[in-house]
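I have a structure here, written as structure tokens, and I will follow up with some questions on it.
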Amino acid sequence: EALWDKIERTGEVTCGGIHSYKPTSFYTGSDLVYEGYGPNVCRQMVADLSKEMGKPLAVKWHETTWQTVVLDLQAGRIDIFPGMTATEERKKALDMAGPLYRMTDCVIAGKKAETKPTWQDYNTPDSTFAMVTGTAQTNFLKTDVPEAKIMTLKEMSESVMAVQSGRADYLLQELPICLQTFSTAPQVFSGYTVPTPPAGIPAAAGLRKDGDGRLRDFIQKWGEEKRADQSIAPLLIEGFKAAGMDTTKIPEGIEF
Amino acid sequence: MYEFDWSVVMDPQLWLSAVGVTVAYAVVTSIAGLLIGVVLGLALVSRIPVLGWIIRIYIHVFRCTPLLVQIVWFFYALPMITGWTLPDWFAAGLGLTLYMGAFSAEIFRAGVISIEKGQWEASTVLGFSYWTKMRHIILPQATRRMIPPIVSQAILQLKNTSLLSVVAVPDIMYAAGGLTMSTYRPLEVYTFAALLYLVVLTPVTLLANRFELKH
Amino acid sequence: MIDVRNLRKSFGTLEVLKGIDLEVAAGDVAVLIGPSGCGKSTLLRCLNLLETPSAGRLEIAGRKLEFDGTTRVPERQQAEFRSATGMVFQNFNLFPHMTVLENVMSGPLLNGLKSKAEAKKLALALLDRVGLSQKTDLYPRQISGGQAQRVAIARALALEPKVMLFDEPTSALDPELVGEVLEVMQSLARDGTTMIVVTHEMGFAREVASKVVFMEGGHVLESGPPAEVLGAPRTERLRSFLSKVEH
Amino acid sequence: MYEFDWSVVMDPQLWLSAVGVTVAYAVVTSIAGLLIGVVLGLALVSRIPVLGWIIRIYIHVFRCTPLLVQIVWFFYALPMITGWTLPDWFAAGLGLTLYMGAFSAEIFRAGVISIEKGQWEASTVLGFSYWTKMRHIILPQATRRMIPPIVSQAILQLKNTSLLSVVAVPDIMYAAGGLTMSTYRPLEVYTFAALLYLVVLTPVTLLANRFELKH
Amino acid sequence: MIDVRNLRKSFGTLEVLKGIDLEVAAGDVAVLIGPSGCGKSTLLRCLNLLETPSAGRLEIAGRKLEFDGTTRVPERQQAEFRSATGMVFQNFNLFPHMTVLENVMSGPLLNGLKSKAEAKKLALALLDRVGLSQKTDLYPRQISGGQAQRVAIARALALEPKVMLFDEPTSALDPELVGEVLEVMQSLARDGTTMIVVTHEMGFAREVASKVVFMEGGHVLESGPPAEVLGAPRTERLRSFLSKVEH
């Protein structure tokens, strides 16, 4: 059954929530259930889809983890998950719609390392980055900062430990994660920067391959419109605020 | 030097419910696995020809592949292939249950064949049927010998429950992962989680040791 | 009562019984003697189908079976054939999780032959007969070897077998306890129970047996009344065996 | 319905090196753990008073806490607390080694005390010193009995190696994780990984079974 | 040679030996008899410190030890004291992973008393003496019980003990095999070996013993030459014991 038809029939869309990954997604248990910019984007999509279909649609939540979100999409436990990076290879396994927004990359330095202004400065064998398996940033490092060492780990918490324990020097993350991380655990890090030239990876929404594509096309168009007029930005900023971030800390001139 | 801050783990509500989930999954899947083990163990002992082989293959596959993959299989692959979605809690426990089943079938078989040949012969000579022998003579004796290995396996089972966190079952390790991300204090959090396992398992092992001493 | 004709039994390529002929009349006590490994236990185990003979004919209390190496006797028929015999082992093989009384009741009760009350009454009578009416509620580990063997005898008798088979019933016992078991067996013999006994107790053979059978290497070498076989052995082999056993 | 695409797992180079890493870690940590187990097991058997308790606590803690936390401890926590960074490969293997050590100390102890009292007494009466008894009489007999449980434990050890992926050791599960992220085909990838474990472990178990039959 | 004075041994609250006095002169053969559980094995085990006595005095071949319940004899002194005695157990306790020859060599060799060549020479001589020079390269599981017990005797003799202790050396054997072990023991006695033997073989006691000791409940009830003790028992207890053992 095509996703579109299923949604039309049931009147429900299942979004995926991650339990604790501020500010991207976190469980609150309030009316919204999950907050953060990921859930915000998903909710807005459903609202706009509801208009398009001309019938009310309810958002349902299914808790997932970074390790299993792909499986949850493929198994049909989740309908839409915004915040994945599209590649040709991945598009063979999942439908991807986007880009929806782009997060600028930043670098957090551990206690024994210091931040540097440009990517070129990081391009030495003395810099070790703790990365999460398969993220687009890892590929960015491999191509654009080839000299740096990479330590690839399963989860974000392990990367943090790697930097804390001195086994790695830096974390490369999306800007909001840097801000959040630095404000949660300032004692662990010496600082963060957005190295120049600014780099960032566009985020797409993942959907099950249903051989139909109506929903994917809808989200594709939705993303293009939202990015064009930057009306995506408030959804993201609201997410940051919900996580308790000081949004004034976001550097000038950052686009999404 | 790292400065510890143990205040981050002070969330009794969170841990209590996590321990509850862990223990509940461990107990239920252990019991269900044991039941499977009893049935398969009996089938193995009675040497039914083809069935015996199937069971041996089942045991082998479940013992020799990572439990994580088994859990992923039942949680995701089964519904994808059969189009037939099990309730989450059930799918999550199924892998653990079958894993325990494989190990306990072995324990069960070993327990039964450890009973002296003399007991079998004495009951044969008294004209008991196969099931009478099993039920009244062999099983009552085998059960006592099986308790120590079963307890060891149940302890491993409780620790293995942590793998359920990949399918978002809020057990101790899942809670620890979440808390780590919200506090960036993995050291304190994981150490505390380990302590919880220790607290839950210590009475169980002490009890098991005492049992073992009696024999 | 018992008629064994040309009975053979092999384990793999090892032929243990090489054509045994044996007749035991009702009320007779046959004592089997012979060196270790000559096949005494195997013969006894063939009589109640604990081992399936490879060839030959068995008749016990009117039930007949013929074997040709491929014979598979169905479970039910085995149980029926077996019900003619009761067996007592060297190591008693009492059920450790049952009391003395429960052990003796187990045969009639678990086979569904008697009600609980009847089985209990029978068991108490049998325990009295073997001199253990004081020990009914003890567990096997709480009684001596001699007592355990007497319980095992009572347990076998509870199924009212036509023939009792004893495989070295006293050889696991302390010498002081042997007497009490032999006494019980002697009283069974006096009451006319048909028995086949493997034993090294020459005194018992001499006094109680109506027939002594000397086996060697899977054959019956000599058999006859004890006075004849033990008193005037015909073969050198038996003479040397007897001299060794009696030091 | 999900359409399988097995072409994504066709990367012999990746898997070969992952299997190599897995087997290498399993073998090395098993052997090192066994050595620890021998020493601790001997100490346990000889009933040295205080040491005995310390060893028992060590065994208990390592048996009753998740291996994951132990690995995290040696890899991350040790340097944070002591400021003293062990080489990566060593820190990664340390948790696994000590885990194996705890289990094999138990196996070892059980093997030694399973030797009949008569063997101890006969050698005492011949005037052998404690170490002569151990080395020439008890250990040669105990070793044969310990092989089956040691093999089972080594099998678990090989599967447990998968936990090393949390500290970036490129074992089978780590390779599977990476491949999953680049292809978004977790089902195919994890199933194939399970198959690899099965392929590695099947000969080991068959060998172990044969050994067990001989006894 | 052996002088035991007022020897006591308790296990927890159970007093098993209640003051034993025993003298055995060089070249004497003392046979210990008594009902099961009376403390025969315990007495023998006290003589080579497998059990530490709770009280009393031990003297063997000139070495003396006194016990008062708190005595802890250092390992070295124990080994030295023990070297005066050789012990043979009911279950042989041969080392299963060594050949017959290696078993016999193990004492002198592993204790570093002899070179390999010397130990081998001695072992071969001893194996010849017990009639097993053909079996040197077999493993314990490949020989009969009677042969195993003779190996155990040779193994004990290899350390050239002053006294040989035997704890029911024939009671785990098939009746036919008992004779060969008793014969070896008899030949040791003829050669003047001092021995203490726990046995139920009354024939051996009568013919070989220079002294018979009857124990009961942790006490020595009667002791003296076999003709006296066995021929004319003074206590009712010994009379009844003898009648049971000899059926």
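Per-chain numbering from 1; labels A, B, C, D and E assigned in written order.
Quick note on the criterion: a contact is a pair of C-beta atoms (placed from the backbone, for glycine too) under 8 Å apart; a residue touches a chain by one contact, two chains touch by 3 or more.
In this text the structure is predicted, and so the values were computed from the model without any measurement.
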{"item": "If a chain touches subunit A and subunit D alike, it appears here", "value": "B"}
{"item": "Which two chains share the largest set of C-beta contact pairs", "value": "B-D"}
{"item": "Whole-Å gap between the CA centroids of subunit D and subunit E", "value": "47"}
{"item": "Whole-Å separation of chain centres (CA-atom averages), subunit C against subunit E", "value": "35"}
{"item": "Inter-centroid spacing, subunit D versus subunit C (mean Cα positions, whole Å)", "value": "52"}
{"item": "Shared interface positions of subunit B, touching two or more other chains", "value": "2, 72, 76, 80, 186-187"}
{"item": "Set of subunit A residues in contact with two or more other chains", "value": "67-68, 71, 74-75, 155, 158, 161, 164"}
{"item": "Chains grouped in pairs wherever the two touch, ordered by label", "value": "A-B, A-D, B-C, B-D, C-E, D-E"}
{"item": "Interfacial residue positions of subunit B with respect to subunit D in the complex", "value": "1-2, 60-61, 63-70, 72-73, 76-77, 80-81, 83, 155, 159, 162, 173, 186-187, 190-191, 193-195, 197-198, 201-202, 205"}
{"item": "Subunit B to subunit A touching residues, read off their complex", "value": "2-3, 72, 75-76, 79-80, 85, 165-168, 170, 174, 177-187"}
{"item": "Touch list for subunit E against partner subunit C, complex", "value": "35-36, 144, 174-179, 182, 200-201, 203-204, 241, 244-245, 247"}
{"item": "Subunit D contact footprint on subunit E (complex, rising order)", "value": "48, 50, 75, 79, 82-83, 85-87, 89, 91, 93-97, 106-107, 110-111, 155-156, 159"}
{"item": "Interfacial residue positions of subunit A with respect to subunit B in the complex", "value": "19-22, 26, 63-65, 67-68, 71-72, 74-76, 155-158, 160-161, 164, 181, 184-185, 187-188"}
